[in-house]
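Order of writing sets the chain letters: A, B, C and D. Residues in each chain are counted from 1.
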Amino acid sequence: MVSGSTRYSEYLQLDGLLNLQKPLSAQAGQAAHEEMLFIVVHQTHELWFKQVHHELDSVLSIFSKKGKVDERDMGSALMRMNRMVEIFRLLIGHLRVLQTMAPLDFLEFRDFLVPASGFQSVQFRLLELKLGVLTKEKMCPMSTYMSVLNSPESAQVNAQADNPSLHHWVCKWLERAPFLDSKGFDFWTEYRKAVRGRLEDDRVALEESLSFSEEVKKRQLLEWTKNEEHFEALFDEGKHEKLRREGDRSLSLRATQAALFIHLYRDQPLLQLPYQFLNQLVELDEAIQNWRSEHANMVHRMIGVKVGTGGSMGYPYLKSTLSRTRVFGDLCNLSTFLIPRTHLPKLPSDFARNLSFFVDALGH
Amino acid sequence: MVSGSTRYSEYLQLDGLLNLQKPLSAQAGQAAHEEMLFIVVHQTHELWFKQVHHELDSVLSIFSKKGKVDERDMGSALMRMNRMVEIFRLLIGHLRVLQTMAPLDFLEFRDFLVPASGFQSVQFRLLELKLGVLTKEKMCPMSTYMSVLNSPESAQVNAQADNPSLHHWVCKWLERAPFLDSKGFDFWTEYRKAVRGRLEDDRVALEESLSFSEEVKKRQLLEWTKNEEHFEALFDEGKHEKLRREGDRSLSLRATQAALFIHLYRDQPLLQLPYQFLNQLVELDEAIQNWRSEHANMVHRMIGVKVGTGGSMGYPYLKSTLSRTRVFGDLCNLSTFLIPRTHLPKLPSDFARNLSFFVDALGH
Amino acid sequence: MVSGSTRYSEYLQLDGLLNLQKPLSAQAGQAAHEEMLFIVVHQTHELWFKQVHHELDSVLSIFSKKGKVDERDMGSALMRMNRMVEIFRLLIGHLRVLQTMAPLDFLEFRDFLVPASGFQSVQFRLLELKLGVLTKEKMCPMSTYMSVLNSPESAQVNAQADNPSLHHWVCKWLERAPFLDSKGFDFWTEYRKAVRGRLEDDRVALEESLSFSEEVKKRQLLEWTKNEEHFEALFDEGKHEKLRREGDRSLSLRATQAALFIHLYRDQPLLQLPYQFLNQLVELDEAIQNWRSEHANMVHRMIGVKVGTGGSMGYPYLKSTLSRTRVFGDLCNLSTFLIPRTHLPKLPSDFARNLSFFVDALGH
Amino acid sequence: MVSGSTRYSEYLQLDGLLNLQKPLSAQAGQAAHEEMLFIVVHQTHELWFKQVHHELDSVLSIFSKKGKVDERDMGSALMRMNRMVEIFRLLIGHLRVLQTMAPLDFLEFRDFLVPASGFQSVQFRLLELKLGVLTKEKMCPMSTYMSVLNSPESAQVNAQADNPSLHHWVCKWLERAPFLDSKGFDFWTEYRKAVRGRLEDDRVALEESLSFSEEVKKRQLLEWTKNEEHFEALFDEGKHEKLRREGDRSLSLRATQAALFIHLYRDQPLLQLPYQFLNQLVELDEAIQNWRSEHANMVHRMIGVKVGTGGSMGYPYLKSTLSRTRVFGDLCNLSTFLIPRTHLPKLPSDFARNLSFFVDALGH
């Protein structure tokens, strides 16, 4: 509690920090009131991106540990994932503040910004690489992007492109799941049986239904078939890998099985934190997605359909990237394959024991 | 302050209200804890939709008044527009509460809901008609939808489809703007001149620029041309009407001109409230859009890529409707046509006088 | 997926629901536009209160189970706690929508409401009893309140006042914690030793510090003493019980010790969910508190310092209740007693084993 | 659109910005993961404070203009007020991100911070002075505070303390309101008459009421009397000034009258923007208040009831300042004095004309 000599303004380096806002309009003798907001919104974004890297690096180091993930680290991993989610939600709020700027007022300094563009944020690009949204393969068509970076920046980007992403490590972690290989319980066989039973029940009920007209029945059967196809791709490694190559799946089949198992038996003590972690991955994916979507809307409102300052295609471009930028979409799509608890294969008690605590100590 | 005998629970009809939650799973003897949440989220949505209709009806009645909009009503119109925006933001929060339900838990009562679907909300459909998102013409392909309604419901929908929408009345209001016909100031000629000047300046600067490579120059010129085309469509009624028929524009050219004028000279006392009103229209459009987008995400997360309970196409369908459902997109696109204040034609002082207060009383 | 005949509007009982809004101003022939909003905000509040009861009842049933809390239920308990938190955050948003009503407009129907008041919400009162904010003892001075209820309402309130609250069951659950009685590790002795060491280090460093003036030193020593007193009350059951009787503490000393243990060793697998649960209790407490505070602000803004419609004291009254209405304040105050991890007694490995999973299966 | 050479990272000074985070724990060789978050939250706060000063200075310059406020500036003033409100709401979100840090983790670097404290933020102190929350008179007991500042900092604070605040200029602006002195309409006499009439009606209705018991009647009469006293202080300059000296009022009587007039006749075109402006003042006051309140809660949760790093009294101190820190409370309290529109003195048509536009041009 004692004896420090830390001063608030020195600790936070305020002398430096509060002197880094250099409006170009003022330098050109045409001071535009609104440029300050533009700068502050972008600088705070970059500070938060730094924080996101700080958290993401720590999650990566937990999940890339040689051999195993330490159970005692799961709590920290969850808290840090959650923090990244909250940060992206906060950043959405930043865009709302930026929207208090009228498009006409933006025009008063917009010309000075050419050809700078948020598109050039190195921290954001590195984030995409670390998460696995962006990969080395996808970077080829980005040569235009790379050309605007200076050499230390592009070195950083290239170096990161060689490192495995969070998506990679999560996939590995899921694939190692020991409960898939248990002797006492063959989850995959049992699950497949349960699915087939349920599909068959549905089909019979549908065909025998009196309350549907022939036309409605026909349509519903078509949908039933589509549903069955989803499952078939899940039961056939060849089909799954084909979908993966085409970009429709990203996790391996085994990782998908483990994720499904965790969802279906999440109440088992051992699975509760992994279940929370899978959810956090989806939450983060979605939060970043929402930020992108709001950002695209904001650009639309600010410049209409004009091209961006960096020569990018502005709003239409941003809108078009939205669908390509989910990295944990497979975890979201898992819902397609869930079956109701009543149809779920029951875990043998020996097997369930392995998913419990050493002593039954909590249930005191 | 006096003598009432109102009781809280009677005023709010709580006896009725709190007995309208009838989980089907419980009726079937398979009580699913989460169904209550599902019901409450939908019921509160419907209550808020009723409130939105209450506000929207009042704005419609202000703007559809024979002959003119009373200036003394502008304050109320703004407050009510703002309230609708806040309500849709609140509804987005509702979806977040619904997301606390795990997809697996949804499955425990989902089968009971077939073929009901939020898609069938009559209040939401009426809202789309009143705003102008949905029109009589667009309703033809909705025959499937209409077939699930009972006859009082479809009568309501059909009746509303015959009434002019908010979009219609806003368009009329803008077209009546007297400042476009002023003898002392031909806004459109002046604006066109200013635009042409600015475009020319840009082109010259671009061609003479030494800092760009030939390749970059070429790309920028292409973009300059695209930009010019946007303006050309604005200066040519024929082109504008063609775009309108194709669905790329919704406001008439004259209404677009008035909206532009209001944006460019918004600081004039007479134009400040109309400016705010145009902004509120965009805000409402965007808030509804955001709600739709979050709703689509929520469906994705809840059922993956399965078909919806109502037999709709689920997530992919919802996602695809997003781009078609803006009604005041033209107002958002206005930003394309703004020019910096420094290039703006100056208003003659006689003309400006007409945009001021009778006495210069506020500037006390 | 099959054969249902559920209709959206029937499932949600929309015919009933959308006909329960009966503005008194309209009935009196003086229709006030804003009364609808007033009704809808209150009705949606009551619907959400019903939902909160649904969740709280389920958490209560998990924690009041004879003998023990089933570990497999902890996930559900956490999800439901989290949902209640999200609901109260949503309700804060409701107040923001209500604030779009101008105070002058409220006056147009306020007289009709007398003497109804939100104060009379039975569901809210029951909630306070179930949580433990309100107790039988505190209800005596509430005779005025009870007198406005009709007999089924007061019967409900009285019945609930006899049931143990969530606070009660949480206290019992903590008191049963087996890790406090372990033979291999006497947490309380070790912790006390660590605290005393740290306090002593602080005092010495303070006295020997050269960077503080005598005056500052004196002030800091005073604070050191106050800090020590907090700890002394923690180490002396008599003092703790005295504070409890005076209303400064609510948990028993043993429950407090267990909660401290969970905070300090939260990374142990067995303690991660209990740690999350304790945090959720604080979050809920805080969310309700924030709702109360916003509600008081809203009342202030709406009626200034006038008395409320129910004859309550309005804003000043509401403000004054804020400090008395935390139920899990002790959990928040725990931070007073935390010591840095570096000073923490290390858990013997045998003991730590008891806080782990049966197989070390997750760390795959 | 042309020829710039601005680079994103240079424009935003990222090299500088992203190198200003210097965790003390790392420097001491005891790197604590969570210190980065602590630094980033505080630095982003300071960046936003800079932005708030930018906006506030501009509003001050509009309202302190010699002689009058230009009507053409009202739109800008409103947008900037609104922006400050949105920024404080965003800052509340920052605290929520900070709450993802566990109190135990804070302890790992807390000792390094002594005696720095957010209390020492010069920008925040200047903000309080500019708004008028803090005044020269109130600064005397702050000598402890001043002593921790270095000399450029305390010079800044002292200089600001000599400048008139926003509260001062708003008061002056209201006092100049010409509509209070109109020959055709003596607002104050008419209003007083209306109030007296309404109070009398209330009293009679209360006394003659059959539905109240004698006891209830007595209580209601007491409240009626208290209400009347509020109004009496409004009609008696002496009483008003006494309340002002005691700190219960802050605006002069004449400014209060003008504010009341604006509220009561807000629909008049001339009064709509001033009405919005008064509301924005209340919104800003409230947003800052909410931020303070959340900040106090966060401190409570983080350190319990320990003293703050700066030697401040921590949570209890922060909580106690909450009630003293509203600067536009009088505007909020105005609701006490509103009377229903039906009782409002009608404006003579000549007089109303003066509150309209030069031409009746909007109502097209």
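We adopt the following convention: a contact is a pair of C-beta atoms (placed from the backbone, for glycine too) under 8 Å apart; a residue touches a chain by one contact, two chains touch by 3 or more.
What you see is a predicted model, and the numbers here were worked out from it, not measured in a lab.
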| item | value |
| --- | --- |
| Which of A-C and B-C has more C-beta contact pairs | B-C |
| Centroid comparison with chain B (C-alpha atoms), farthest chain | C |
| Whole-Å separation of chain centres (CA-atom averages), chain A against chain B | 29 |
| Cα-centroid distance, chain B relative to chain C, in whole angstrom | 39 |
| Interchain centroid distance [CA atoms averaged], chain A/chain C, Å | 32 |
| Chain A residues counted as touching two or more neighbouring chains | 1-3, 5, 102, 111, 220, 223, 227, 266 |
| List of chain D residues in touch with chain A within their complex | 1-9, 11-14, 16-18, 20-22, 24, 33, 36-37, 39-40, 42-44, 46-48, 50-51, 54, 58, 79, 82-83, 86-87, 89-90, 93-94, 96-97, 100, 102, 111-123, 148, 150, 153, 310 |
| Of all residues in chain A, those that touch chain C in their complex | 1-3, 5, 68-76, 173, 176-179, 202, 205-206, 209, 211-212, 220, 223-224, 227, 266-270, 272-275, 353-364 |
| Chain D partner contacts - residues on chain C that touch it in the complex | 30, 102-104, 107-108, 111, 216, 219-220, 223, 226-227, 230, 263-264, 266, 282, 286, 289-290, 293-294, 297, 300-307, 311, 332-342 |
